[in-house]
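Data block below; observations after.
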Amino acid sequence: MAVFDLLLCALILLVAVAAIVGKGLFRAVVFFVIYGVLLSLAWVRLDAPDVALAEVAIGAGLTGVLLLGAVGRLARSDADEPAEPIDWPVAVAASVVAALLVGAAIKITPGTGLEPEVRAVLTRTGVENPVTAILMNLRAWDTLLESMVLITAVIGLWPLAQGGDWMEPAGPAHHAQPGGVLSGFGRLLPPVALLVGVYLLWAGASQPGGAFQGGTVLAAAGVLCVMAGVVRAPGMAAPAWRLALVAGPAVFAAFGVAGLAWGGFLTFPEAWAKGAILTIEMALTLSIAVVLALLVLGPPQAGEAR
Amino acid sequence: MSVALPIAILLSSLIPALASFFLAQESHMWRNLLSLGGAVIKLGLVVAMLLAVAQGAAYEVQLNLAPGLHLLLRIDALSLLFMSLSAVLWLLTTIYAIAYFGTKAELSRFFGFFSLCVAATTGLAMAGSLISFFVFFEMLTLSTWPLVVHKQDDRSLAAGRRYLAYALPGSVALLVAIVWLESVTGPVLFTDPPDLSAVDPVSLRGIFVLFVAGLGVKAALVPLHGWLPGAMAAPAPVSALLHAVAVVKAGAFGVVRVVYDVFGLITVQDLGLGTPLAVAASVTILWGSLRAMQQEEIKTRLAYSTVSQVSYIILGAAVAGPFATIGGLAHLVHQGLMKITLFFCAGIYDERAGAKRIDALNGMGARMPVTSICFSLGALGMIGLPPMAGFVSKVYLGIGALQAGENWVLAVLAASTLLNAAYFLPILYRLWFLPAADIARGDERSPMLVIPAVITALASLAVGVFAASPLSPLGWASLIVAREYAP
Amino acid sequence: MTPFAVTGALLVALGLYGLIAGRALLRRIIAFNVMGSGVFLMLGALGWHEGRADPVPQALIITGIVVALSGSALAVGLVVALARATGRQHLRDDVG
Amino acid sequence: MIALATLLILPIFGALAVVAVPGQAARVAAAVAVLSGGALAVLIMAVAKGGSVQILPGGWGAPLGIALEADGLAVAFMAMTVAVTAAAIALAARTPAIGTPFWALVMLTWSALNVIYVSRDLFNMYVGLELLTLAAVALVATGGTSALAPALRYLFFALTGSLLYLAGVALIYAAHGVLDMAHLAEAPLQATDGVALALMTAGLLVKTAVFPFHAWLPPAHAAAPPPASALLSALVPKASFVILMRLWFDAVPDAATRSLLLTLAILGALAVAHGGVLALRQDRLKQIVAYSTVAQIGYLMLVFPLAGGGGAAQPWAAGAWSGAIFHALAHGLAKAAMFLCAGIWIMAAGSDRLDDLRGLARALPMTAMAFGVAAVTLMGLPPSGGFTAKYLMMTSAFASGQVVLAIVLLAGGLLAAGYLYRPMEALFARVVPDHRPVSRLLQAVPLLLALLAFAMGLFSDAVYAFLQTGRPGAAEGGL
Amino acid sequence: MSVELLRQIAVYALTGAGLVFFLAGTLGVVRFPDTFSRLHALTKADNLGLGFLTLGLAVNAERWADVAKLALIWALVLLAAGTVAQLVARSALVRGER
């Protein structure tokens, strides 16, 4: 198996170099998506299925779509894109950092980390999957802040909209032929995606999965619906979208404050921990789906022919 | 150890200052009431404190800024001397300023910063530790700048820029000296002088030089006096109170504090710093007088005269003889009274007769007799004609120099007396003996301008004549020297 | 699993190079993501011990990936807005 | 404990409420400001009486969970944040060009700051830093199309900084198996910690915009709308500085080598010089004030070499450490006041070019006074908090023999006088320009902030004593 | 020749065939001149390859649930590949390639 790992590592490095220093912006983005997929393979080899799922869904998937959309909008043909000249002083600095990091990575003998402690406490967290236990209970404060980071990204894009206000639907106008293949595909896939997303959310308690991975799949389904013209793109005008956007962190924070009543900030009583976590995760998945859809579609551009 | 009085004195000018900032331009009545009221109350409080101190009362207030950083207000004879001088003169100058400005613009701002300045000066007088002195010293710099640039024309803005260009590096030098000393000896209080044994002589000299440099800017020692003549662009009340009393005296007062309460006279002599300081003061005295002779305008001539006169005080501090110290301290008050009279008269000439240049003063004696008499009294006093105040301080300085064996100081005093005569007598000659130019005008119809000048002129006369009595500044100065610094 | 840790370290350096020396803004965003995933790979690989992966780094990495996405989304939004407003695709020529 | 939780959660609910109900954005922000003020008062009392207040979210505590602790330093910074943010909100309420995103981003920046101040967990600080960065960059971007390029440069610098920091955290976790600072302090130093700490420090220096990583700060802070730049300049770089202080004073005090202290001293000195000289050459007020931030941040870096320089003669402990915090607080208040003044003058005279400001002292006296008071604080002249800071740090410098650093402090003060005098002189020009009147109430906002900096100077004894609660040992002993 | 051995052989045979078809598809993409023929190669070969691969994995899977999941994956990928091929073809047409 070591040969496979070495081969995988070499491939990852090669694709990463191609993405960063290779010729052409569109090629770089394609290489980046491939890099994401290879990386999730690496996570599978490292027995981290949750991370593999997150990496391929969010890292390769959504970020890839984001970048592809951007390359499309920047509308620069690839032909005249020169390969970037090597900037030697920075290269030297980077290689020094590389040397330091590799040296450190080799010197560190991986220990058990906090794995035994987590295992000991797992039963009291209300979920079986240790990663979800950490995310939703042990380090719940990090996850709440992380969902706020997502909201910040959306609000950050808000002033970039044409009129500085994001009242029209998100993203560029889409024209899919009504009877065409895309609209057909757009009607067929979403129900399945919905099923997979909810499954991922539910399975998160005991197997790899969880709010973020589920949310991403739902977001992808949402973006597809918008592209297929099945649904009008979400926009800040509709209060429903805004509430959906805010639901996740709001529920999470509400539970946090409620926790003050019986133990402490963000404390879930062990009896209802599983129920509480699942409610939070459902709200979180909804919010994440809406946020990621808005992020991928980007701020509204009125009148730009797609 | 009652705490209320010193704080009350401080507040008596702080509260009017802060209040008048918020007054509208039109409410002259309220503003005048505030300033005059503040001045009267302060004078009353200072007199009350004088009487109490005479019966042996003592005052000390400590406001902790940081554990080592105490704002200590402590009353001793020296601080009382300087405080009573500034209280009296502030009242007179406020009256003068109200008449001088009438209804010109930006008066709320003016009187606000004016009272803030006096608050800083009294705080400085009462400061009981080096750091408290520095805090008020800097507040004085900051509150004087808006007064210097009050007219907001290019000339006064340039003067303001020069003033800060000198004052801020000066404050840096002073701060370095303070922190350098305190980092070795711990916080320095004027009550118990720090034991300087821990500091090696070389850095002790360095600290002393930095002290003199920092304070010298305000005391207008020669190389550092550049800002003073330019500051004459400020309106008359500002140059009268600030550049004759508050700011300049603060520098001299600081040097006296440092020489006596921080280093102690013996250490200064042992380190061999007494003579160089005396030389610096003498150079300033002569240089100031020489430059004064070349000035065309009244106020710039008076400014250079201030530069030289203030150094008498520093000379008194530098010379080791007790009489010199008494002479120097007495001169602190004498010079204040005489110089403010001259500035008042210069202001009246400018305001009433539009006479800024000296050659415009021909025949003013006839048209403005009272002002001219006051001016003459002040001028003669400055020259040091017996029995005027100037003569008393110069005599004591001379005797002190003899006691300390510094005979060359006598020559300096004599030379400066001649130079004073050289730049004051021509003015007197023009006032009384030259015929008035035909278009000359001028009247003394505004009593509120003239009365303060008369009072200060008479005071400077009385201080000279009744010098022997214990109540006079001279008597007071000898009390200070006897009680505090028996060398 | 040191090979993955070493790869992570090299990816960090590669990403750092791209982030600083990149001319086209989108390329710098890609470099940012590569550097981020490099750090996560290093963190994850060093947490792997005899067949069992330490769950704490996994949770941190999932949080990190989502944060990296938000960063990239904001960056892409800004780049597109800048390109549409000024037609410029890089920050190199002006001061900085 | 309830008060601390409220302070942490309020801005988060505020941000969510603003997104949910954009119409009431200004009112929500005002309500959050008022309630936070109340919670803060309760917290100050609690910490003053009973020492640091701790929260263990989820009840797990370190090393598994995250430990949050509000000690003197954290509560002081939270207090300054409440004051500055409330003032910025007050001014923004009356600035026409402010849209809904601004309000939400102010709330988000605020919550990120509170998170960072109280966090004791290295990764939690990373998430806080990222939330702060994205909110701050977005705040800059609200400044319109001219603000896009500076915002992007800010984002790339900040993201590089965060990832360098994260790389360090990864190495620390891999070597020690622990993220909590208290546990890290007890664990023996490992061989790889040198690299990890170097990376983390480099990352944090980039985010604090210390020379030579400061290129992003002036264009970004000048391009943002004035209330936003008040928050950006006064608060955002301070957060990563707090983490740097926690790292070196709480987590690994004995890992600090001579070379590190020397480097930080040199970078600090260069920042003071570079920021000051460049500020002298700007002709727009916001540029001057932004470069002044670069210079003032240089002072903060001097705390590392100066710490522990108290010496026997001083009757106080941890002079340099407390001085640096005094400086950070006083600078925050004064800098926010200055940017709000700039905002008011832009409202009145239309632009912040120096020659458009000529004569405004007569037209808007209160704002000129506020700018004057803030300038005095930045120059470090008494009676301002800036003076107490400079005095404490200078005494430590002299006592520990590092006189060069005292010279840097003084030179910085003079440079500040230099570049702040030009706007003052322009304000005091005689010509009264035609300007739109600004209500006195609005002018009072920056004046209040500036006077707070003075009050910090006058009552510095109480503030000093408060800062000592939960002070790390290394602050007195030195690195 | 236990059932187990037979299963192993079947798995290897099927996955091997799948890989061969993937290889063919990739070769097609590299060698063919224009977009349409590349698309042709890609969709045909890769889908077949995928079919064999999924069969091989299904044989290898222990539980029926996994087989169902594999079938779902196979169906979805086929659907996606078809749609994408259509879209790429149309955009190539729009861009005027004949």
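Lettered A, B, C, D and E in written order, each chain numbered from 1.
Here is the rule we use: a contact is a pair of C-beta atoms (placed from the backbone, for glycine too) under 8 Å apart; a residue touches a chain by one contact, two chains touch by 3 or more.
Predicted model only: the values in this text are computed from it and were never measured.
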For subunit B and subunit E, the touch-path distance in steps comes out at 3
Check every other chain and keep only those touching both subunit A and subunit B; list them. D
Per-chain CA centroid nearest to the all-protein CA mean: D
For this structure, I'd like the pair of chains sharing the most C-beta contacts. A-C
Far-end chain from subunit C, centres as C-alpha averages: B
Taking each chain's centre as the mean of its C-alpha atoms, which one ends up farthest from the centre of subunit D? E
Length of the line joining the C-alpha centres of subunit A and subunit D, rounded to whole Å: 31
Geometric centre distance via CA averages, subunit D-subunit B, whole Å: 42
Chain centres from averaged Cα atoms put subunit A and subunit E apart, in whole Å, by 27
By the touch definition above, subunit D meets two or more other chains at residues 123, 127, 130, 134, 137-138, 141, 148, 167, 171, 173-174
If a residue has to touch 2 or more other chains to count, which residues of subunit E qualify? none
For subunit A, residues contacting two or more additional chains: 97, 101, 104, 108, 110-114, 118, 138-139, 142, 146, 149, 152-153, 156, 160
What are the touching chain pairs in this one? A-C, A-D, A-E, B-D, C-D
In the complex formed with subunit A, which residues of subunit D make contact? 1-2, 5, 8-9, 12-13, 15-16, 19-20, 22, 55-60, 63-66, 68, 99-102, 104-105, 108, 111-112, 115, 123-124, 127-128, 130-131, 134-135, 137-138, 141-142, 144, 148, 167, 171, 173-175, 177-178, 190-192, 195-196, 198-199
List of subunit D residues in touch with subunit C within their complex: 123, 126-127, 130, 133-134, 137-138, 141, 145, 148-149, 151-153, 155-156, 159-160, 163-164, 166-167, 170-171, 173-174, 179, 215-216, 219
In the complex, go through subunit D and note every residue touching subunit B. 311, 313-316, 322, 362, 365, 369, 376, 379, 381-383, 387-388, 391-392, 394-395, 398-399, 406, 410, 413-414, 417, 421, 425, 428-430, 457-458, 460-461, 464
Which residues of subunit A touch subunit C in their complex? 2, 5-6, 9, 12-13, 16-17, 19-21, 25, 28-29, 32, 35-36, 39, 42-43, 45-48, 50-51, 54-55, 58-59, 62-63, 66-67, 69-71, 73-74, 76, 81, 84, 86-87, 90-91, 93-95, 97-98, 101-102, 104-106, 108, 110-115, 118, 130-131, 133-135, 138-139, 142-143, 146, 149-150, 152-153, 156-157, 160, 210, 212, 292, 295-296, 298-299, 301
With touch defined as at the start, can you tell me which subunit A residues reach subunit D in the complex? 97, 100-101, 103-104, 107-108, 110-114, 117-118, 121, 137-142, 144-146, 148-149, 151-153, 155-156, 158-160, 164-165, 236, 239, 242-243, 245-246, 249-250, 253, 256-257, 259-260, 263-268
